[in-house]
Amino acid sequence: MQQPVPVLEARNIDIWRGGRCLIRGLSFSVGGGQLALVVGPNGAGKTSLLRVLAGLAPYGSGQVLWNGIAVPRLAPEQRADFVYRGHLDGLKKELTVEENLSFSAALRGQAAVFDSLLTTLNLNDVADRETRFLSAGQRRRVGLAALKLANARLWLLDEPMTNLDAAGRALVTGWVDEHLRGGGIAVVATHQPEELARPGTTLVEL
Amino acid sequence: MQQPVPVLEARNIDIWRGGRCLIRGLSFSVGGGQLALVVGPNGAGKTSLLRVLAGLAPYGSGQVLWNGIAVPRLAPEQRADFVYRGHLDGLKKELTVEENLSFSAALRGQAAVFDSLLTTLNLNDVADRETRFLSAGQRRRVGLAALKLANARLWLLDEPMTNLDAAGRALVTGWVDEHLRGGGIAVVATHQPEELARPGTTLVEL
Amino acid sequence: MNSFLIVLKRDLKLAFRRWSELANPLLFFMIVTALFPLALSPTADELRTIGTGILWIAALLSSLLSLDSLFRADADDGSLEQLILSPAPLGIVVLAKVTAHWIASGVPLVGLVPVVALSFYLPVDALTVLVAALVLATPTISILVALGAALTVSLKSGGSVIGLLILPLCSPLLIFGTRATDLAVHGEATAGPLYLLASLAVLAVSLGPVAIGAALKVGME
Amino acid sequence: MNSFLIVLKRDLKLAFRRWSELANPLLFFMIVTALFPLALSPTADELRTIGTGILWIAALLSSLLSLDSLFRADADDGSLEQLILSPAPLGIVVLAKVTAHWIASGVPLVGLVPVVALSFYLPVDALTVLVAALVLATPTISILVALGAALTVSLKSGGSVIGLLILPLCSPLLIFGTRATDLAVHGEATAGPLYLLASLAVLAVSLGPVAIGAALKVGME
Amino acid sequence: MKLPRWFHLLGSSPYVYRLAGRLSPWLGAVGCGLIAVGVFWGLVIAPPDYLQGDASRIIYIHPQTAYVGMQAYVVLAIAAAIGFIWRLKLAHAVAVSAAPIGASFTLCALVTGSIWGAPTWGTFWEWTDPRIMFELLLLFLFLGYMALRAAFEDRDKADRVSAILGVVGVVNVPIIHYSVLWWNTLHQGPTIMKFDEPSMTTDMLIPFLLTMFGFMVFFYWLLLKRLRAEIVDREQGTRWLRELVTEGSQ
């Protein structure tokens, strides 16, 4: 039941956190090749929204649909379409960069070929260092590598530019472009939309 | 033995991390009312440098002097001149925002009057929420409040703009201005120097 | 199945990377069992009588040690989120993690216990039963421990609640384990309690992972 | 002095905020002491003979429980950095933290032990000595525990092997403590071991904090 | 999935609240009545047991409390499962209200049991007796369920997490029931709850059954009363509740 063009759709959803309704009746939809930027002040609910879209958190009313299927009810293999990178980088401190990457790739049934990737991310000389010894930005870069390796169709990114230097930010912008050109979808929470915005971007303001 | 104009000075210091020499023979000095921006790609050694300046990490050769005294040998009360905010926000998850702030203020012998502060930081309605329930940016804002409360003369800030929305970033810029105008010193590691740079800024490139 | 192996490999690697954490339960076990003769200074047959009990309690406690850290670490660094989101079915992932925990903590224990048992003057021919009982009991303990850890993973401080939930659930294992060992020491038939332990293990391993997975999912919300 | 109170207040607040972590050692203590009769099913005077030993071991173990969490939490969320950088002298800060740890874990234990002791049929007039011995021993234990925690704080993996190596250091306390209690049970003079415990406590409290502070500073580099 | 209408009705708090309000007095009356009659019959009319003498008269309390305690856990587990699967807050409310009642019944079973044990087995307590162990475990499960709930600030989360514990724990119930058959225990086997001829004289059987059903109804009465309190607690500030309070009707 997969459509030619994938669609992520939110039909007026409410999101509650700690007994307060953060987001009420939010609706939007992004299709293949489209980018949605989630913007809003600190504490507006961007992270909460992304977690809901990823199926990590429950939502009050309404529906979140991926190709017409409610997200919480997606079959495991359908979850392979998703990749979510949040505030936490999800790396094991005691494993080296390579071990971390090959694990996350293997778990998604992807081949773990990332030498060129590490080069572009300028991580070559730390490839076999335990990630707890990495600098903040290097850790973010490893996270980005995992994102790339997943080659999923839907990217859910929470402030991907955090801790990155100019080169890193440019890289992310380039990747998003590429991903969209390849018919992928990206939902990105950011405080600097100008870095990613382009004509045809859906702006989700909270 | 305090001079009218405080000075932080690095005389060609080497910094080693994990057996590699990150920074070799670095020298610079910032005096009252001056700003030093530490810039460089991910993994260049900005955090390491700041930790050295704060006296948290040892350095190979050379000297780091605060008003002529080697930093590691500062007397406790002289350490009161310093405040360091790193990648970690140093908040207790189980304590509320107010409890965290009044503790860090009290520890530095400062009065804990922060109502207006919380208002400017737009933290009023989360003031008595445990910080583990805060959003990333709200947590950073609490860290900034602690910075302000410390009213120290030397600010060592590691990417203070992280996770902050536009308003928050503007606030930080304003605070730095104010601090410098008051004769304070600020050493800030950042990936977006344009946000803080001003004429007379010392640029420490790694 | 494949994802089972992947997660298992990763967790084992982690366990052996943090060798210290791996050695932790063993060390704890040895020290506890060592402290008793120290504190009680019992005679040989006193020791023999209380020995089995001490062995089992020490084994139980030492496998409870690693309890809090079982999912907490993954939850704190965000890799639990990634595991939940991964296409691999969560039950499998959990089973793999628990298996790893068992291999890393349970198996060495099973290897160590007979040695200590001998130092407690337990008869040699009781050892096989002791080991068998441990092999049957430890998986259940691991599952229960994991369940407790999962139920409390979202509480920033899991500790006591888990202890509260899990130790009572473990007490039958303790009782029937010691029962079997005692019977063996006195050279009587031990089938009864062993069967019981086995059935409990089957029950735990078959039902546990799904429940644990559900608990983790709710916990991460 | 002032900063001592500030840190003490904060840590106590934390301890009582996470009531579970606070209850943890107590619960552990109760459960351990409960498990023994369960596993050994001893007679009254058997229980009396092994009772003191069990009490002391349980007390020791339960105060070791909080070992890992003593500085680890502060190290992970960066507040240890802030403490080290604060104008307050580090020795004082450490002393405050350890005191808080003692108040939160040691004192309730001291309150709980006599109850359990009675359920172990210990004579009532031995209780005062038991409590006195505990009051003298627990501070030393807390200091040693803190030292272990400080030494291992830089091992990110939270492995507390070195920490557990502190346990042997605690064994003298165990020995003299049980000794005093046993003497009291048999109605003999208990001054000797008590003096020893007292002097050990003085030693630990006077030298400990500085060493711990140094360990922490090195650990955070 | 598609659910029948009554299911949705049972999902609406006001409906259930009123229904419970209407039912509970009847249940209360019937339950207490049955118990009173049964106990009177058992203690006064029925003859003492030829083996155990008057000690056996505790048979009109102990099995009932024990059985109802187990039943309470089953109710808890089923409610918790429904609440978890269909996200039905009311089901969770039922589970929550069942816990303390079940705990107290189980405690009664343990106490009366050990009281009964003193004369018949010559001991109050036998650590290695499976039935006693697992019954004790049942008590701990109830307590653990409540403790776990207490540890969460967010009620919704507390519901869903504790539900899992509740469902998992239900395996303990059949274990308790069949423990007497599976392992040789001091405890005597099924006397009533077995399908062939009950091994008990009718003049003991009748009061036994009377009290048994009495205690069951009594349990549901308590359950409804707690459920209403729980609903009020959960629905604070909702319109129907405010109207209810203002109009002051039940």
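We call the chains A, B, C, D and E, going by the order they appear; numbering starts again at 1 in every chain.
In this section, a residue touches a chain if its C-beta (ideal position, glycine included) is under 8 Å from a C-beta of that chain, and two chains touch if they have at least 3 such contacts.
Everything numeric here is computed off the predicted structure, so don't read it as measured data.
Upon removal of subunit D from consideration, the remaining chains are still joined by touching into a single piece.
Farthest chain from subunit C (centres taken as the mean of C-alpha atoms): B. Distance from each chain's C-alpha mean to the overall C-alpha mean is smallest for C.
The centroid of the Cα atoms in subunit D and the matching centroid in subunit E are 42 Å apart.
Annotation: 37 Å between the Cα-based centres of subunit A and subunit C. Centre-to-centre separation between subunit C and subunit E, using Cα means, comes to 32 Å.
Centres computed as Cα averages put subunit B at a distance of 46 Å from subunit C.
Residue positions of subunit B touching 2 or more other chains: 87, 93-94. Counting partners per residue, subunit C has 17-18, 76, 155-157, 161, 164, 171, 175, 221 as the residues that reach two or more other chains. Across the assembly, subunit E contributes 127-128, 151 as residues in contact with two or more other chains. Note for the complex: subunit C touches subunit A at residues 2-3, 6-7, 10, 13-14, 17-18, 76-79, 81-89, 220-221.
Only residues 17-18, 40-43, 47, 87, 122, 126, 129, 133-138, 140-141, 159, 162-169, 191 of subunit A touch subunit B when the two sit together in their complex. Of all residues in subunit C, those touching subunit E in their complex are 147, 151-152, 154-155, 161, 164-165, 168-169, 171-172, 175, 179, 192, 196, 203, 207-208, 211, 214-215, 218-219, 221.
Within the complex formed with subunit C, the subunit D residues making contact are 18-24, 27-28, 31-32, 35-36, 38-40, 42, 49-50, 52-54, 56-57, 60-61, 76, 152, 155, 157-162, 164, 167-168, 171, 174-175, 178. Chain contact summary for the complex, subunit B toward subunit D: residues 54-58, 76-80, 82-84, 86-95, 99, 103-104, 106-109.
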